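Please find the structures below.
Shared chain: subunit A. Partners: subunit B in the first complex, subunit C in the second.
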Partner chain A sequence: MVLALALSRYFLMIAMAFLMAGVIVKVKSFWAGRYGPPVLQPLYDVWKLLRKGHVVSGTTSAVFGAAPSITLASVLSAGLVLPIGGGPAVLHFSGDFVFFAYVLALGRFFAVLGAMDTGNSLEGMGASRDVTFSALLEPAFFVIMGTLSMLTGLTSITEIYSMAASMVDFTILASIHSTGSSGAMTYIAEAVKAWSYSGLFVPVLCSNIVLMISIIVDTGRMPVDDTAAHDELTMIHGVMVLDNSGPDMAMINVARAMKIALMGTLVTGLTMGLVVPTWVSGALCLVIYAFIMLIVAAAIGLIESVTVRMRLSRVPQFVLGASSIALIVLSALMIGRS
Partner chain B sequence: MISDALTLLSGILPFCMLLFGGSILFISTTSRLDSYLKILTLQGVLLFLMVIGHADTLGLLHTALLTLQTLVVKAIAIPLSIYYILKKLEIKRETGRYIGGFLSLVVATAILVMSFVLAVIMKHAGSGVDVLSFGVSMSSIVYGLVGVITRTKFITQVMGYLIFENGVFMMSLALSARAPVIVEAGVALDVFVGVFLIVIFLYRIKSSFISTPGRRVDPLASPEIEMLKEFFSR
Partner chain C sequence: MLLAAGAVACVFLDGREKLAARVCLVIVLAGSLLIAVDAVKVLSGGVPPSVAVDLGVPMGIARFEVDGLTALFLCLIAGLSTVCALYAQGAMAPYFNRSMRVEKFFFFYILLVASLVVAAMARNVIVFLTALEVMTLASFFLILFDHGDDGVRRSAVSFMVYMHIGLLLVTAALLIGVAGSGTMDLSGITTHFKPHLCSNGGSVGILFPLLFVGFGFIAGFVPLHLWPVLVHGGAYGGAYGTPSRPVPAPMSAIVSAILSGLVANMGIYGILRVVSLAGGLPLWIGYALFFVSVVSGFYGIINALAQHDIRRLLAYVGIGNIGITGAGISVGLIGLSSGLPQMAALGLSGALLHMVNYTVFTGLLFCGAGSIGSAVHTNDVNLMGGLIKRMPFTGFAFLVGVMSVCGLPPFNGFISEFIIYGGIITGFNPSMGLLLATLVPGVAALALIEGLSVLVFAKIFGIAFLGECRSSGATQSVESPKTMVAAMMILCAVSLFTGLMPTVAVKALQYPLSALHAGLSGVPPGGIASVAGDVSMAVIVFLSITGGLLLLRLLALKRAQASTAPVPLPVGKRAGKAPYAPPEAPLTWFGGYEAVNPAMQYTVSSFNSPLCGIAGSRMCGGDTEGSALGTPGKTLPLKETSSWALFYPNAQDFFEGRFYLPLWRAVERVLGKFSRIESGHKDGRIGNYLLYMLSALIILLILLVVYTWNGGSFSQVLGALPGVVRWS
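Right after this comes the complex of A and B.
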């Protein structure tokens, strides 16, 4: 029963992946003054690609054929360890955030191999950029997860997130206790104060910022990479799949949408830990989860609309900025503990 | 009602401080002067919010004075005058910094880390400082000084000094309960900045101050050295 529930939440996340991809495009269109494609367009695209045949270059080997499926499989299995909508993940064990990061890295490794396998110099260039940026981003993710696990004393994502949620109960109780039966405004003000001065607020906010930067870098969104670019020399992710077509391209599209949903789930989980008390459970939790996910998607679309692509030489600074924030939080907490 | 609003504002104080810390990280990477200026304005507004957040310890008179000072001087007057000067001198971006953007970010990170470590150590020693506030203001002070040293244009050096001064202001806010006058004395530093700005404007200082580096003299000296070598080898 628990497993069935966890699996249903997992499928909700997969559904959210397509919806988020659609919402991002919708927000971008809205910002550009266009009506934009329907929200479910990414799903239609995948369906269209699945029915097509595919052309494979004669210079490629078996790696090229296997790469998209391995990438998709890695993304899908990484999602198994994420707690979705306040409930436990399908799988959880201590140290599962390492599993999460390295299963994703495995997928990226094969995506890079697939790109290099074609012998196309532009694809090789894109692969090299992708690896550089993700290598710079990896410390940020681990430092943030290390910080959270140090804060809670736990090492599984599910446990860390449920611990974060119980913190809210405490703050809300504390604020009710301190205000007594006075007006609602007083209550809200006291709750905000108690909430922001609780030990969790700063680390969680910083973690969310770092994770948002991870989404942007990892999925090649606007200040880092332009998804609508047509110039191969400036692209990162788009250039890596120039040779893929048909069902392979469909798998790559699904994997990309899923990646946004995975990182988005991490952000949403932390945010829910801050705002949703533990006694809210069941379907309501899932509704809040879906809502926050859509807000994350809208935020990505908004950032994508209002920023311009950075010069490639500036991207490492941006990525390193994420690691900087993570490192500062960790060092402050670490000294505080010792 | 007003007291609730004040409680709410003191609730968002940590958020203001985080934004302030983030602005230091951002400033370290940028070389465009207008984004530098925007960040300075943002810092002014954040300081204004922080003063209101500290209203319960400052008292009515000091709060009124300080909000006026931060809003009018830090968030409006100084950014406007810098904007005017930048326009007059036609400077858009800064080139030839002593350390590049990437290294500068590393330096800013190191400064923030050290400041937070210092803050936590001080807290453990029983001094009762607020870690977030002290860490951010300390790093602002140190980064401001580093900015003065590593930037080359006079106007950016003044901006670095402004960051330093914002840090001093923020740190003295933490002590406001004991001596609010110190905070107001800190605002006097703004007058100093005003003098800088007037000097830049009046003398139209556009170029950067770089002392002639030794290696620039080398090519000039080399013909003579060659001659000397020739002379001695004969």
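Right after this comes the complex of A and C.
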């Protein structure tokens, strides 16, 4: 029963992945004054690609054929350890965030191999950029998870998140809510008080910033990578898949959408721990989860609309900035604690 | 047990025949089986066998013992030496009938294996040191097998020098121990010093650091890491193997596999042995080792980035992995000293497992590199390309090795790194500031090392095995002989087994762990096993999802083919002009550009360029001038394809250039001054030497007199030395 519930939440996340991809495009279109494709267009695209045949370059080997499947499998299994909408993950065990990071690294490894297998210098270029930026991002995730693990004293993402949620004491808030005596301002004030008592507000805020940067870098969004670019020389992710078509391309698209959803779920889980009182549970939690995920998607779309692509030599600074934020937060916490 | 060592040792003479390969395999196999039976018995809970042999006056009673730690190491020796002997069956074939005295190679091979076995079992100082010395000499002659090559001779001599610095330090430390305690037995020495261990006073203060530094030299921690770099990568630098000479690649691959997998691990074994004998070390040693290990890991992988010579690259990656093992050990040490047994158990079992895994995948990678080398006649990755289509089995084996060394699931490297992470996370204790301040940057560094390994190996595998052939050597390459492939497949199977069934491996670590520290036998082994079991569950889920998706993909493609009419594939119109694609298959899409050729593929330097943009040339092994990698440096025209050129950054080791070479030059200068007294008088040479001997004797006598006069310890003699010199 627990597993079935966890699985259904997991499928909700997959559904959200498509929805988020659609919302991002919609927000961008809206900002540009266009109507934009339907929100479910990513799903239609995948369906269309799945029914098509494929063209494979004579240069490639079996690695090229297997790479998209392995990449998608890695993203899907990374999702299994994420707690969704306040509930426990499908799989949770001590140190599962290490599994999360490593299995995603495996997916990236095969994405790079697939690109290199075509013998195309442009794809090699994209692969080299992608794997460099991701390698620089790797410590940030571990430092965030290390911080949260230290603050909660627990070692699996599910436990860390539920503990973080219960550390924010909303009992004061609950009493206000039940008496219904005061306005919105007191409500917010009390919430802020609850956050600061828990000592989680700053780390969660910084973690979310770093995770948002991770989304942007890892999934190739502006200002790091332009999904709408037409020039292969400036692309990162787009150029890695120049030779993929048919079901392979469909899987690559799903994997990309899923990656946004994975990182979005991490952001949403932390945010929900702060803003959603513990007495809220069940379906309402899932609705809030879906809502925050859509806000995250809209935020990504908005950032994409208002920023311009950075020079490629600037990207590493941006990425290392993310890691530095994580490290600074952590050292601040350590000084505060010890 | 001793019989096994004897069996290996006594058949040296039989090895002296032409085509001794088969004999060697049989001997090593038989010896390994005998050793492995004993070792497995101990690992599954048997009583550690122990034998004492009286070897006469200089050595005293030599004790040999197989405890958990020794048993684990013996398993490694038995396994890798057998696999490499199998590999040698095919690999040594090119050397037969070339008057290269192949039987010598096998003689030293067996000698090396035997000395490793003896060193692992010895508990007597002299026997231990002798075994290490024999190990070094046997390795030296193995490296020197192809002594016609200048590079080979140079790397063999460097190996001698750097190993002996390490051995010298170990010897010095152990002799201090012998002098202080009056016993030749290793455990006797440590029981004598144990009470003073934490006071850090007197000779104990230098004994353990000396041992650590000495074994660090053998293992190859930064900055003591030059021998792996020079041996694995120094010989045959760049392209080698002219048609007139047999290709030395497969032979030196065996040597590198054994040196890297067993001899370097001997250093780790030594450190672990010290840990187990000491029973508890001062906290600062744990922190120092952690720092050195993380630096080693980082330094190794950063330097691997710039390498285009596959063997030199593997040497640096080996240094990185020794660093990861060391990180595990130090997490264990810190845990022991801080009273966190769970952290200690996880750290040490992670380190033990990583030691085992490192042996497996380094063997696999070096064997793979040897196969490539013998097929393509080069170590230069930029001259390979497209090999997976020509050497599918080697390609597969190398891919497994690459994924293991990157710590990617579902292979063995992932499990050991996961357990080490587990140890570190267990140590995240908000009340211990120093611990946190060490471990958290450590985690970040380990994560960065992992990310960079993915970069390095995706690049290497992509350039060497995927895409199009980049040289005529690569086009003409063929798959290796069956025995070589079989040897690699065995290692692949071990790697996958450890990755999928980590609980079995972790349970086997129980006795080595309790041999390391008595306090750890209290930690329930089920705890570590369940940590590993959980993650292997997730890995199996991942594998089944992958399988499912691959199946779905096949179904989708089949349906697409069935439903649509067979459309002729868009054959490249100018396929005749493009030299690299068979005309039937479609070309890779180059954004509309059609005059493509294999030389346009991404190379090592181009793949590195985004990282070098931020890291600076120093970090990526830029040239010594310090100019950026992108500026014109050394551009070498290639012999076989004169129409294109490759850019090679100068990838000299930082410590070699900045520390060791100046040091050797200074030593040469200083010692050069002695050459005057050495051969100044041509006629009076013998008389001079007699004079030197006499004065040395007198000084020794004076020392002895002072020693007995003081009636004190060895350190007092050392302390009295300056006074004596002044007086004399």
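Just so we're on the same page, the second predicted complex is superposed on the first by the 312 of 338 C-alpha atoms of A that agree within 3 Å, B and C clash if a C-alpha of one lies under 4 Å from a C-alpha of the other, contacts with A are read in each partner's own complex, and residues count from 1 in each chain.
Definition applied: a contact is a pair of C-beta atoms (placed from the backbone, for glycine too) under 8 Å apart; a residue touches a chain by one contact, two chains touch by 3 or more.
Keep in mind that what you see is a predicted model, and the values were worked out from it rather than measured.
J.: Between subunit B and subunit C, whom does A:Thr186 touch in the aligned arrangement: first, second, both, or neither?
T.: First partner only, subunit B.
J.: Who wins on subunit A residues touched, subunit B or subunit C?
T.: If we count touched residues of subunit A for both partners, the winner is C.
J.: If we overlay the two complexes on their shared chain A, which of subunit B and subunit C does A:Leu205 touch? Say first, second, both or neither.
T.: In the superposed model, A:Leu205 contacts subunit B only, not subunit C.
J.: Looking at the overlay, what does A:Leu80 touch: subunit B (first), subunit C (second), both, or neither?
T.: In the superposed model, A:Leu80 contacts subunit C only, not subunit B.
J.: In the superposed arrangement, does A:Arg256 touch subunit B (first), subunit C (second), both or neither?
T.: neither
J.: For A:His237, is the partner it touches subunit B (first), subunit C (second), both, or none of the two (neither)?
T.: Neither partner.
J.: With both complexes superposed on chain A, which partner does A:Asp248 reach: first (subunit B), second (subunit C), both or neither?
T.: Touch partner of A:Asp248: subunit C, not subunit B.
J.: Considering only touches as defined above, state whether A:Thr118 meets subunit B (first), subunit C (second), both or neither.
T.: The second partner, subunit C, only.
J.: So in the superposed three-chain picture, is A:Ser149 touching just subunit B, just subunit C, both, or none of them (first/second/both/neither)?
T.: After superposition on chain A, A:Ser149 lies in contact with subunit C alone.
J.: Once the structures are superposed on A, label A:Gly321 by its partner contacts, choosing first (subunit B), second (subunit C), both or neither.
T.: After superposition on chain A, A:Gly321 lies in contact with subunit B alone.
J.: Return the residues of subunit A at which the contacts from subunit B and from subunit C coincide.
T.: 316-317, 320, 327
J.: Please give the residue numbers of subunit A that touch subunit B in the complex, ascending.
T.: Per the touch definition, subunit A meets subunit B at residues 183, 185-186, 188-190, 192-197, 201-202, 205-206, 209, 314, 316-317, 320-321, 324-325, 327-328, 331-332, 335-336.
J.: Please output the residues of subunit A touching subunit C within their complex, sorted ascending.
T.: 50-66, 68-70, 72-74, 76-77, 80-81, 91, 93-96, 98-99, 101-103, 105-106, 108-109, 112-113, 115-122, 124-125, 127-129, 131-139, 141-143, 146-147, 149-151, 153, 155, 232, 242-243, 246-248, 251, 312-313, 316-317, 320, 323, 327, 330, 334, 337-338
J.: Which subunit C residues qualify as touching subunit A in the complex?
T.: The touching residues are 385-386, 388-389, 399, 403, 406-409, 414, 417-418, 421-422, 425-426, 428-433, 436-437, 440-441, 443-448, 450-452, 454-455, 457-459, 461-463, 465-468, 531, 534-535, 537-539, 541-542, 545-546, 548-550, 552-553, 556-557, 559-561, 563-564, 567, 569-570, 580-582, 584-591, 598, 600-602, 606-611, 613-614.
J.: Quick check: in the complex, which residue numbers of subunit B touch subunit A?
T.: 1, 4-5, 7-8, 10-15, 18, 21-22, 25-26, 29, 101-102, 105-106, 108-109, 112-113, 116-117, 119-121, 123, 131-132, 135
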